[in-house]
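Here come two complexes built around subunit A, the first alongside subunit B, the second alongside subunit C.
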Partner chain A sequence: MSITDENPTARGRTDVEPALSIQDLHMSYIVRGEPRAVLRGVSFDVRPGEAYGLVGESGCGKSTTAYSALRYLPSNGRITNGRILAGGQDLTAMGTSELQEFRARNASMVYQDPVQAVNPVLKIGRQVAECFQLLGNVSKKESYEKAEQALVRVQIAAPKSVMDRYPHQLSGGMLQRVVIAMALASDPQLLVLDEPTTGLDATVEAEVLDLVRHLRDEIGAAVLLIAHNLGVIRTMCDRVGVMYAGRMVEEGTVDEVFDQPSHPYTKGLLNSIPRRGLQKTDRELFSIPGTAPQIGTALNTCVYIDRCPIVTDTCHSDVPPIVDRGDTHWTRCHFPDRISEVPDPAKTDVVHNVIDTQVIGVDGVSKTFRQRGGDVPALVSIDLGFGVGETLGLVGESGSGKSTLAKTMLGVHEPDEGGAITLRGRPMATKATGRNEESIRSIQMVFQNPDSALNRAWTVRRILTRAVTKLTGVSGDEANKKAEDIAEAMQLTKRHLDMRPRQLSGGLKQRVAIARAFAGDPDVVVCDEPTSALDVSVQAAILNLLAELQRDVKTSYLFISHDIGVVRYLSDRIAVMYVGRIVELASTDQMFDGPVHPYTEALLSAVPNVDGEAADRIPLDGDIPSPANPPPGCVFHTRCHRFVPGLCDVSEPDLRDFGGGHMIKCHLEAEQLLQIRPKTVDA
Partner chain B sequence: MSTSQIEPTDETMTTSPADTDTAEDVQNSASALSTTSSEEPNQTRDQVKKEQRKLLLRSPGFLIGVFIVLFWVLSAVAPDLLANWDPKASVRNAAGEGLRSSPPDSTAYLGTNRLGFDVYSRLIHGARPILIAAPLATLIATAIGTFVGMLTGYYRGWVDEIISRILEAILSIPAILLAIVIVFTFGQTATVIIGTIAFLFIPPVARTVRAATLSESQLDYVTAARMRGESSVFIITREIFPNVIPVVVVEVTVRLGYAVFTLATLAFLGLSGGNVTDPNWGVDVAQNYTQIVADVWWPTIFPALAIASLVIGVNLIADSLEKANNS
Partner chain C sequence: MSSFIFRRALLSILTLVIILVIVTLIPNVAPGDPARKIAGGTASPERLAQVTESLGLDKTVPEQLQDVFSSTLRLDFGDSFTKPGSSVTDLVRASLWNSFKLVLFALVLLLPLSIFGGVVAAYKKDSLLDRFIVNGGVALSSVPEFVAGVLLLALLAVPFSFFRVVADPPEGAGFFLQLQHMLLPALTVLTVYFGYIARVTRASTISALESDFARTAFMKGLPTREVFGKHVLRNSLLPTVAVVGTQLGYMFGGMVGLELIFNYPGLGRLILDAVQSADYPLLRGGVLTVALIYMVATLSADLIIAWMNPRARLALGES
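Up next, the complex of A and B:
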């Protein structure tokens, strides 16, 4: 276990016995007596001290692979072929009790949602101590002592007080630390992490990832990491396997795979994410056409034939062999040398013109939620304006007031006295029900989750026709015709119109939701995390659609997202929110060139970078303050790395112009903000 | 499934029922934890419905329930088709003698009671009163309960607080006790009895529908409707109601079972809304149970079984519907 402590270069050494070795694993789910293949011969090794990442779109089998590493499978899961070796033992040959023993002592798993991994009615201390009691040979008192040490190990500052709390009293990041502490109780040789940071804010995600990296070095465990965020994989892992339709199509070190992808799928995947500061004016994102084959499909061919741009007859008849591209890098493609023929996405020469005329304005809007136990000021005097055809990105941690701002603009929440939402200079009614047709038409919304946003009892046609009728006043055949036109503009076919939302895939559902928002030719569309529930290649298609609509009909967007790369791609200007206040408002270039608000600086530095250029992360200590009880002075001073005592905690700074309309709410001057700043942070 | 069924350029799913169902089943069973939902095919809703229907028709519980209920419905609609004696006249043998308390035989299939009435024919004729009163009471309760439940679930606030407290107050009093008091107060007519049961069943229906409405109204499609300036009436009736219907259907069947039971109980206690000689299962049990000790069990046991079979039949249907809804 101490190999890596003494010799860090031993990490990933080939002469060390792998901590986990999956060999030609075939797995099926039995559905109504019929086996449906989900894994089609997956092989890989994870060596002690190594972090191995699995990437791929949903349904590719990466989670199934991770679960099978602990032989933790649903009752209808069958391993039809292959071996799972961990620490020299074959898991496929183990009986139930052996398997339990193995899981208790040798391997641990951390799941996506820490809230579901802990018991809500037991105190943290008891739950962590139980992990040690299960391992045996400890008294109750000793187990609590060990629990405390375990919490110290995951860098929890006040372990005693945390142990005395219930899960709901801890933040998501803190809870995930506790879960990791529990997973590490047995000093496992293998740690499986399934999307461990997906539900967390970027800043918290960065902290958890730092912790995992630190622990891996400390205990020398092998780590198997599943993440859909390629940036996370790049920064966390030594090697990565790319999965598609239950088969691994490419494997190599993260640098090899991300910088010289050799499989058309890997290349497509990488082209579909906005990287290297790409913006909508540079080029479209690449969207892999078509869909992955369904689970259970018989595939005695290359798995990628339906979507591959360089497919040939050979690909349709033979399973491609493993082709080495280097000592550690291989691809499963018949024609690895033709990878350069996989086209790069076309450059767009279309100019996005932003016209400065303000269409919708947010003028001095505050929103205070009145509730028992005091008022909660969720928004504090927000001023924003939208130019014609402009995208305003809105970023900030959860709880910063982004969605409240969106809902206030749309008339779901009523702003406090004194503030107003203006349409071409004239204030609109504060409540949607009080707004006239023109005001309602002018501002619409696309939600994060289309499953929730579309009425599942309605057909697509009805959803769109109703929106057309309500927003434009036309009805009957005319509305139906218009609905069909809009659907076509969203690249929906006529066939889709008579389906219900459940019959559509996630990407199609989001297209319907966008179509509905565009039914009345809106001036501003609020997009609240519209792609966060989608796979990257689907996300690319949706972002392209949004950019194209904007070019064509000059709609403005308020684009809320936690994905800085996506915000940077689509936005002309970016606003940063913190505890209900806008702390920075800048053009996209200004923001990424600096200087920036210390909060923005920390936020940007926390983003895991898919291009492998890691900037020094600026840690944000502590939790985001409650809006009900904001700190005095500058609201950010409690977590600020540039905090000036006696100034920042006393008076609240104004949102000041730092030149060229770059607004920052900070006491410091530009030179001070630029001091000891690491190189330009790249999203 | 063959590869030819995959439509590569199409984002929707292929439509072969077996395949599409499989995709979801497999995903469910894999308990896939990814947030990346996917452009990957979901299955079509209509096929789920078709599949649910197929499962329903294959489930023995559902079929038995339907068979029992249909039998009693037939008895209620056309009793003369099944009954071979006048339910309110003495059975006479070939010699013209009245048969009192005679055990089941080929003349009186389920025997006769102490008045000489044919137990079997009384069972068949006794289906009608209960099969009119129970569904009627249930429908009234469901209609009012759904209305109240949707309003309170949608608007919440103080109206909800007041109505919910009232409903809870009604629920907290034992139903039979309350029913007896009401029927004694307003008179022992069939109308009063139906009205009483309807009244008793409003709170549970309203509570269930309220919960369903509450969770629906928190979904974004309701927010989207508000943002388009839809009226509350439109949102409640057109947007939310269609999504609450499955819950209401299950509630109707569950309540129907309880209504049969409650009606029979009231009749047993002497509140039948009719004459003692009118064929009525609950009344027959009450009239004859003292004779069980004298080994004359048939006039009591068979009406009791009739009540039980109808309650069980309706509940079997309710259970299967609920399972199909949740599958």
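Up next, the complex of A and C:
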């Protein structure tokens, strides 16, 4: 091994020993004594200094693979074949204490959901210091000093005070920095990140990803990254492996895989996300038909045969070989040259008509939570109107008041005196319990998590029939008939009607939840992150369904999502919220053409772009202010990159029309908002 | 935190007031004439009137309540009817001390064993040992304490003279002799509660072991022993503390059967005797004492939980 390069951590070097080498890894879960295959011969290398991404839908084995890099197996998991080599050591042959030593010194992990990943009853300082104590040769005092330095390294605000705090006193973004600080305590050669930014706001996600990039350059660790967000993979990784049913089906550099996918599955995956500013009026999203094979299924064939549009007899009889598509790019497909035959999703010619008549209105709605220690104005004078068949996208960081607005519309929260939710111009009762059938029927909700939104003990038929009866008053056979019709409109089969939610997949459950909401022909359906728990291909099917229902029955949506691409696809207009206020309200085109509110500008710049067109990011420093204690003047001035002292911190701007109904709550004029961004970080 | 204790104290006082009212009302609603029951069927009318007066039953209910509350506030619980010359305070104090000794000894045996059993069962989940602990515990708990007591007497005290039949040690017995006498009743408590506490501990330990933070601890490279000692137990013992806190009151006042079998003069028997002999002042004193123990025990459990768990502290501080 000769080091000729000046930079010993040069990315993607092929002349050095890989930091992680997974070789023909087979793994099974033992279920009732029977082994069920989850990994069917996975092989890949991650080189020092390189970032390697794993993508694929849930159940494909990517997390199992990632955890196997630190040999963390579920209690019923068995490695049946293959080797896991890290720094020349074979993890499969290690004893307990060797493995502990390996985890403490050579490899670390960062997890999804940092809030759960730290011990809730111990102070941060103690948990970080523990990592240094494990490395040995430090006194307790020194380990705490090192812990504080580690927190400085991950650029956490006020590290000294963070040391002395408990996890529940920190935000998700800060906790993820803490977890990263712990992971980097030993300057590991291998860093495994499992969905490190899922569940974090786009702005926080961007900061965490920046940090990981920066630290990777600093310590030259090999990075293995799992993310279902393909944009994150594209912007973070050098190479990517696509997994399906426990097998790697394609591998290459991110540009090769994302721009010239050579496996039908990769192509399907990429077609199912809204890319390059796609909107519902352009075309449907591609949804991969069928479902992935169950774990444990014997697959001496191509793993993708059930869902492949170009499948032949050969695919049914032989495991496809690895076919090189370039020096670094290969695919496991019998017919990589026929990839162009995989049909592109059809263009839609159906026009989405939005009728301007306002069906539901939010008129001057404020919501103040009264609690000990002062009032918390969670919503401040919100005005919104929903046209017939219109989708209003709602974006903003956590804590901006999106869900409070949704709940106030639904009558879960009562708005303050003076505000009203109107139905065709007439105010509805403020509380859901006081609303008449017509009002209740008119606004319905689809939740993020269908598991907790559906009664697990009931069949789908009973859930839907009851919704029909409750919302429309019909009962008996008539209600049953109606429930069947709705189920059919949701592309649920008769068979599904007599199943219980736990027997259904996530996507089917969400269809049932949508069917429930549509049981009474609602005017507006509030969708709160309806697809964020779903795989992209299932998400595509749900988004298609929502768009189709809207075309057919002219329902309006309040669509809340942190995924800007999805919001852009489905929305006619987009509202941006910040600290309980609407800071911008614009048609989707207006918003993406600009000029926009500085907050919107920062929010949009934080989105990791799956198309690889890196844009400069505008950092948002610090956390979103608490609505209990909003900054004076413009609430955004504390984080604004266009802050004008003496103006923005003194008076609060109005929501003004910048032309064509494009409302922005900012003191600056359009020309000023379009000026080159004053401070940015390189993407 | 201090406001939490203050509010809890207020709530406890309210509970004590309600209990006092109920206990005071009992002689008024009890079937038959309590005075006749106490004085005996052949008592003269004068004697009967005297007893009625001493019971306070010649007064209206509000007057009775007023008397009871004012004497309670002065911590004067009066004299026992059935044991003339002995004050309720002295009688309750003696029984309370006896119960305290027994419960403390039982806990010293019970807590380490059942918590260790639960943790081991969780760590070796689904193993033979786990099944043995869980199912054995269920089997033991399903036997009522007085049956378990009799069984232990038959199995241990009859063949081995080391185990004493009577729990109450002779006057002036030394520390170890007292323990020897209390061993069988304490073992009975152990059999009754082992399964319950072990299972609560097992369930919460399993969920703590499966939690993300335990995974983080393992991934840091901590040895299993430290993962348990530093991360898992501190979270998983919270429900155990709550359960022990709520069961303490029962252990003090509710183990009547146990105290009868081992002829042990604890609080449970004191209250039972008071009920049977219509000794209302004594009953009042006994019931109030048990209620007080209940409150102190649950409050202590909450405070221990708050000390162990910062989030609980937060909830206490806010609500």
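The rule is short, and it goes like this: the second predicted complex is superposed on the first by the 667 of 683 C-alpha atoms of A that agree within 3 Å, B and C clash if a C-alpha of one lies under 4 Å from a C-alpha of the other, contacts with A are read in each partner's own complex, and residues count from 1 in each chain.
Rule of thumb we're sticking to: a residue touches a chain if its C-beta (ideal position, glycine included) is under 8 Å from a C-beta of that chain, and two chains touch if they have at least 3 such contacts.
All values derive from a computational prediction rather than experimental measurement.
In the superposed three-chain model, the partner touching more residues of subunit A is B, compared with the other of subunit B and subunit C. When both complexes are overlaid on chain A, the residue A:I295 reaches subunit B alone and has no touch with subunit C. When the shared chain is aligned, subunit B and subunit C each come close enough to touch A:Y111.
In the superposition on chain A, A:T433 contacts subunit B only, with no contact to subunit C. Contacts of A:S63 after superposition: subunit B is touched, whereas subunit C is not reached. In the superposition on chain A, the residues of subunit A contacting both subunit B and subunit C are 111, 113.
Every residue of subunit C that touches subunit A in the complex is listed here, in rising order: 211-213, 215-223, 230-231, 234-235, 308-311, 314, 318. Interface of subunit A with subunit B (complex): residues 29, 31-32, 34, 36, 38, 57-59, 63-64, 67, 74-77, 111-113, 194-195, 198-199, 228, 289-299, 301, 306-307, 407, 410-412, 432-433, 435, 437, 440, 444-445, 447, 449, 451-458, 466-467, 470-471, 495-496, 499-500, 502-508, 516, 532-535, 537-538.
Of all the residues in subunit A, the ones that touch subunit C in their complex are 70, 72, 97, 99-105, 108-109, 111, 113, 116-122, 130-131, 134, 166, 168, 179, 182, 372. Subunit B meets subunit A in the complex at residues 1-3, 6, 8-14, 18-19, 21-23, 25-27, 29-46, 48, 219-221, 223-224, 226-231, 239, 242-243.
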